Structures are given as structure tokens and as C-alpha cells.
Amino acid sequence: MSATTADFKPFTRQQMAQRAAADIPEGWYVNLGIGIPTLIADFVPLDREVIFHSENGVLGMGPAPEKDKIEPWLINAGKQYVTMRAGGSFCHHADSFAMIRGHHLDLCVLGAFQVADNGDIANWATSENDTAPAVGGAMDLAAGAKRLWVLMEHTTKDGQAKLVSKCTYPLTAPGAVKRVYTNLATIDVTPRGFVVTSMAPGLSFDDLQARTDAKLHLA
Amino acid sequence: MSATTADFKPFTRQQMAQRAAADIPEGWYVNLGIGIPTLIADFVPLDREVIFHSENGVLGMGPAPEKDKIEPWLINAGKQYVTMRAGGSFCHHADSFAMIRGHHLDLCVLGAFQVADNGDIANWATSENDTAPAVGGAMDLAAGAKRLWVLMEHTTKDGQAKLVSKCTYPLTAPGAVKRVYTNLATIDVTPRGFVVTSMAPGLSFDDLQARTDAKLHLA
Amino acid sequence: MINKIVQTMAEAMEGIKDGSIVLLGGFGAVGQPNALIDGLIEQGAKNLTVACNNAGTGRIGLARLMDLGRVSKIICSFPRSSDPVVFETLYREGKIELEIVPQGTLAERMRAAGAGVPAFFTATGVGTKMAVGKEHREIDGRTYILEKALKGDVALVEAWEADRWGNLTYKQAGRNFNPVMAMAADCTIVQTQHVRELGELNPDHVVTPGIFVDRVLHVPYGDPSGF
Amino acid sequence: MINKIVQTMAEAMEGIKDGSIVLLGGFGAVGQPNALIDGLIEQGAKNLTVACNNAGTGRIGLARLMDLGRVSKIICSFPRSSDPVVFETLYREGKIELEIVPQGTLAERMRAAGAGVPAFFTATGVGTKMAVGKEHREIDGRTYILEKALKGDVALVEAWEADRWGNLTYKQAGRNFNPVMAMAADCTIVQTQHVRELGELNPDHVVTPGIFVDRVLHVPYGDPSGF
């Protein structure tokens, strides 16, 4: 990303995750996508009970296990070892996706390649001609969760906007995203389009707009 | 039924059930409808392992309990107390009907008002204008089981044929019945129509045909 | 701290609106949420659509709710349960609407609602009165009809054990429609024989995970054969 | 006496035909029937269609089966598992057909096959490449696509416990696709860590009832992290 326009401090990945975590109330059922979204769990204190779901039939995940306490049969959808909180439960894949597709999850947080200001999300393939794209559970989550948030860098490594007026990559779901947390801002997706609710310290609205393809609005 | 034509001994209900029971091989998963079909279980010896299913999520039922050994939570679809064999299991209604509708039951035996020689069965309502007919699981069983047998009296109490060329009562399922056990005969439903495979002692084929609306064939 | 366990019937019943679709668990007297049905009678919501396997027995429970004129429609597979006197009188007098649904289709329609499936094809009912007016389609050589999901505003469920997250187990044939209805309603209210500490239920043995449950009331009523 | 427990891998694999649709349980290395996959490699059936969440890892198991040219088509949600070298090579060379299915649709299509539902509507994939060529329908204000049941000729499943009637339990996340695949195939073959006496499994805790199981082989392999 070009840093010519201003002297500001982008949020780190941990800060992005922390900000999203702060917005999750107790009692929500939440699925965290592979990658940065997974970090969110680290910033939800255990005494604020948020129930984390994983596609592979795990409900009520706790933090990663200590190395000597790994349960070999206890992994999440990212194939990482996890722990189970008191109150957790296991189910099979059809039941697990019934939770997702039946609108029982309060929230899903995914990474994305692009988000459009009508809520479209593209996060599974970077070309119409991708030879063997891997969709996993992303389409189920995007179409099924009550709310979809995206956690991603504001632009690509070479400075291309990821918040766009129209996705150029193949869609994961149309009109699904409700909020985006980036390293530069928090942005709600509303009937008006993208509405900026907070920005990285030192960043101006114009700076943010310059890094964004779609038109931004102030809250 | 008129008994003027011959000197013969109709099968008792117990004998009807016994004949059907004798035709059930070990290892079959079987649902027995409410009424006479339920008697079949009494004639399958416990050492010939037949696994009985009930719509309310019970698989692997054993005989009725002794009075002082009733489990109040353990009933069958007829709301009778039952026992559980070693190897039995419980499931919920959607899973129980997945067994039925997904063609996992080897056999269902139902009672019926009428069976036609194309395999149509009518067993849930006696008039098109029945005010509040009760279907229960009959349509699921008739459409879903791998085989449907019927156990019923050969005629109504006032001598009307129940084995007909066309059902006049509302159907439970078209073309579903494979075999009928009556108090007079055992009859297979084949592409040729009704084929008689055995008759009550002393009964002639003509006697049987006289009590049957549809044309009968000999095996 | 998440705590779905409510202390009073009034809390359990709070907010049930007139005109709601109410899913009632149980099969026969087993797994039937009798206390919650009495609570609903007390609560007062009317013009209800009730989905239940039967249409009430005698003059208590669901039959009483109907007798009080609070049920405008019943969706069930078997209205001829033992002693269905209240239903039959109301039905004869045209005071209650009846939708008969094959038992497996009833279960599958609710499971579909819970799983985000708005409609599905089934062979059950093809060639019968149940298929009249429904979309027919031949798939791989067999004819099927299209059935729609049945979603509840409220489900009343009976469980054997529950914890404060709403995880449930059932006892034997008491499971029946309960887990299916729990996942099919916007607000699932449970009466449970036993309350367990969080973590007491084995995660491999939970049948209804708490995600499908909103409120839990402890009703240690004992033996269903008394009903 | 019913005894679904077989003594040898050859018995477990008997009769699997060329051209079969094979459902492979497991998610990552957990709950994956590794011994049965090796048995299938040995058995020799070819021109297989394999449904599995992933498309094989490294050069063992499913990857080896593909490497031997025995898989003509793979149906999966995530062909980019760790080290999918065999799949990617075959796919680039046009030697294997790929059907990408969203993970939940994959699970639901198999559950549908097991439950006698030939097709169902779903919102997953609407507005994406997955919906191209599929029937669209608006139901109660939302657009859905029609998906068809996915039935297997054979399912290979891993269980934690099994008895001679074929009742199964699973351990933790080892459950995953296994119970769904068990109900979706004509012939379900299980490898189990533990064999239990009939009656040892609590009827309330059985996850896959024996009605969905055809053959059980005792393979006490231990810890999946070794794979």
C-alpha cells in the first residue's frame, strides 16, 4: 500500500481482531473463518461467553490447547487443534450445516478478496477460470448466518482496492456482508452503501477514500 | 362372510401372523403396523434376529414388558409399552422417518381396508369425505419401505371383497403392496396381478375367487 | 454468563403472540411438554396454529387449549388419538381448521425449516389425496411431490436433562419430535426433568445443542404414564 | 445371529464394482477411514467417483488411489487441502473430473439421499457460479436453487465403537461426515477403533444405528495425528 498521503498507523491484525471481538456480545453463536478471523477468539475473554462453532461439527470451542494437552480428535475446520469448553457438543456435518444454513448462527466472520458496497462478497476464487477453486463452507456461511462480517486488509499487497463498487472475482454470495473490519477502518454495509464508523488513528476520510474503489459515506 | 360354499378352516389372526413371521428372514429391519401386524413379532423367535422399528424413534424392540417391568418412556407407535433388545437404539422423528423414507427398512407390514391387484393400498380413510382422517405414518411406510406386505381379513365383516380390481377408498400409496396375508390365503402381487401361493385348508381356488373382487391367478 | 434457565412459567411463556405457530413435542404422553402447555393456556395467546402429532386427548393439555377456543388451526398426522372428543366437536362445528400431514412429511418439513431448506421433494403421498394441488415431478424415474418447510414461531419441548447453555438430552422414546421441533422454531422453550451443571453433559451425548434452545424451565414431573 | 463384523479386509471390500460412487468419511485426518482406503486400493475397483470433503493429501490414501488412475471423478468442497499434489497434477492433465460442491450442500445432498429426498432447495450458492444451470425459485421472498441428492454405492466410514449389529459411536470431531455418508450409501463399510458386545452401547448414545451399516472391520489404529 502506498503510504504517501498521510502519517497514520494502520491497525495490526491483532487490533483488527480485537475490534471485531469487542463488538460480539455475550451469548452469540459465532463461526470464525480460516485465517485472520480465527484470531478474534483470542480477544473474547472466557467470562464473556461467546459460543464458537466450527463447520466440522464442533460447537463451544475454547482456546488452542497447550502442547501436552492436545486431543488428536479435536480439530476445527482449519484442521488446527482446539479445546472444548464446558457446555460444548459435537454433531455430524449435516447437523452442523443445519446450524449454518438454518440461520441459527448469530454471526460469521470471514476473510475476503473483495467486498462490494451492495454487500457482495468474493472470497473463494480469484478468477473465473480458476482451475480447481476450493469453496469449503464459505458459501453456506455467507448465505446462512444471521450476520456476515468480513475481516481483511483494506487493499491488496500491491495497493489494489478490495472494497469495490462491483466484485470482479467470482462471488461467494450476493448482498451478504453487513460490516467490514480492515486495517484502516470499520465500515458498515448499509442501503446507502459503505458507511465508515471508525478509522485508524491519523487517517483522514479522504485518505481512506483514496484507498477504496467504492464511494464511502460518513456515519 | 358367507360360508355356504365349502367346509374349510380360515386362518386365525395368530395363524396369519405366524405365516407372515415365518417369511421374515434373520437380519431384516421391519416395521409392523398397528393392529394385527403387531402380532407378527410374537412369532419371530428371539434367536432369529429380526430388528423391529417403530416410527417414534425406536429401533430394536423386544417383546412386551412384564407388568412390573414397564419403562414409562418406552412405547411404540401404537402407544403400547415395549422393551428394548440389546443392540437397540433411539433416534428422533426425522431420523426415524429417514429410515422409512430412505428405503432402509426391508419390510413394512400394514393392515388395510382394500388392496388392488396393481398393488394399490387403501388403509387410512373409508370415504373421500372422511371428516378428519388419521394418516399417521402409513403413507411414509407404504411409499418408503423396500417391501410392503398387508395382513388383513380376506373380506369385510359383511362379506365385501377387500382384494379388489380397483380401490374405492382413498389410497395410501399406489402400486406399493408386494404380498397379502389373509385369513383365507397368501397372495403375491405381481405384474400379472394377484397370484395365490397358499390357501386355508379345505378352501378351493373357486371358493377363494368367489370372495375376491379382482381376478386371482395360481402360482 | 449465558443462562437460559428461567425461574418461572411466566418468564418461559413471555412474549408468545396471538397468531403464533406453535410446535408441540411429544408422541403420545411420552416427551410431551405438559407443564408448558398448561403455561401456554395460562399465558393467554390465541388464534394459534398448533403443529403436533396428535390433536389432543381428553380435556387436558392441548385439548383444553382447543376447548378454550385458542387454536384456530391444527397441523397433525393423527387427529384420531385416544379420546379426541374436543377436537372432533370443534372440527364438526367448523371451529378449527385441520391440515393432515403424513407423519414423516411432518417431521421432515420441520427438519427442513431448521436446516434452511424451504422446500423438498418426497415420494410420500404421491398418488393420494395428499398430493392434490401439489407440484409433481419425475426424478430418476419416480414421481415426487414438493413439500414446504414448516417453521414455528415457538416450540414447546420436553427434555430429560438440560444445562444453562440449553444443551439437551432425552430419555428413550421421549426424544421423538422434540429435537426436530427445537431446531425449527424461532423461540424454543424447554421443560426439563433434570438440570445439570455446565460441563456435566458429555459433548458426544448431547442430542439438541443449546444453539437451538432459548429458554429452559425445570419441571421435574416424573413419570409420563400418569398423563 | 446377525453379525456384521467381518474378519478380513478382503471380506470388507468384497463386491465393490468398477464405476462405483464411493463416499469417503473424515475431515482432515480425523475420522478418516485410512485402512479401508488402503483396502480399496488393494481391492482394485477402478473408474470410481469419490465424494469426500478434500481431494487427498500427499501420496497416501485417497491421493494414492487417484495416483493409480482409479478415480475418474471427485466430488468435494475443498480440493486445496494441504499438499494436494496428486490431484492437482491429474486435474491439470485433464485426467480427473472435478465437481466442486459447497460443504454444506455436499452434506445435505447425502443426508437427502439417506432420507429419501431426491432434491431440495437451498440458498447456498445462489448468485454464484455454483448456481449456473440450476433451477432457481423464489420461495417466500428469497431465491433458492435446486440441488439433487447424492447417493453412494459404497460408503467408507470410521467409527470409535461398533457392535455386531453395526451400531456406531464416534469420538469428538471424528463424527463429521461419517454418519451422513453411512445413511447415504447402498453398502456402508466401517472401520472401528473398538468392538463392543451387543448391548454395551447405550441406546440413547448410538449415533449411527446399525440399519445404516453393512460391514464392520476392527482396525484399532489409535491416534489420527499420525496420518
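Going in written order, the chains are labelled A, B, C and D, and every chain counts its residues from 1.
Simple rule for what comes next: contacts are C-beta pairs under 8 Å (C-beta built on N, C-alpha and C of every residue); 3 or more make two chains touch, one makes a residue touch a chain.
None of these values were measured; they are calculated from a predicted model.
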Pair joined by more contacting C-beta pairs (A-C or A-D): A-D
Where chain B and chain D are represented by their mean Cα positions, the distance between them in whole Å: 35
Centroid spacing, where centroids are CA-atom means, of chain B and chain C in whole angstrom: 29
Multi-partner residues of chain A (at least 2 other chains): 84, 90-91, 94, 97, 100-101, 144
Per-residue multi-chain contacts in chain D, two or more chains: 108, 111, 115-117, 122-124, 170-172, 203-204
Chain contact graph, described as a line, ring, star, complete graph or other shape: other
Pairs of chains, among all present, that meet the touch criterion: A-C, A-D, B-C, B-D, C-D
Residues of chain C that touch chain A when the two form their complex: 1-2, 111, 113-117, 163-165, 167, 183, 198-199, 201, 203-204, 206, 209-212
Touching residues on chain D, where the partner in the complex is chain A: 27-31, 55, 77-80, 82, 87-88, 91-92, 98, 100-105, 107-108, 110-111, 122-130, 170-180, 207, 223-225
Of all residues in chain A, those that touch chain C in their complex: 26-27, 29, 47, 49, 51, 53, 59-60, 84, 86-91, 94, 97-105, 144
Residue ranges of chain C touching chain D (in the complex, touch as defined): 108, 112, 115-124, 137, 139-140, 142, 144, 148, 169-172, 175, 203-205
Residues of chain B that touch chain C when the two form their complex: 54-58, 70-77, 79, 84, 90-94, 96-97, 100-101, 120, 125, 128, 131-140, 143-144, 170-175
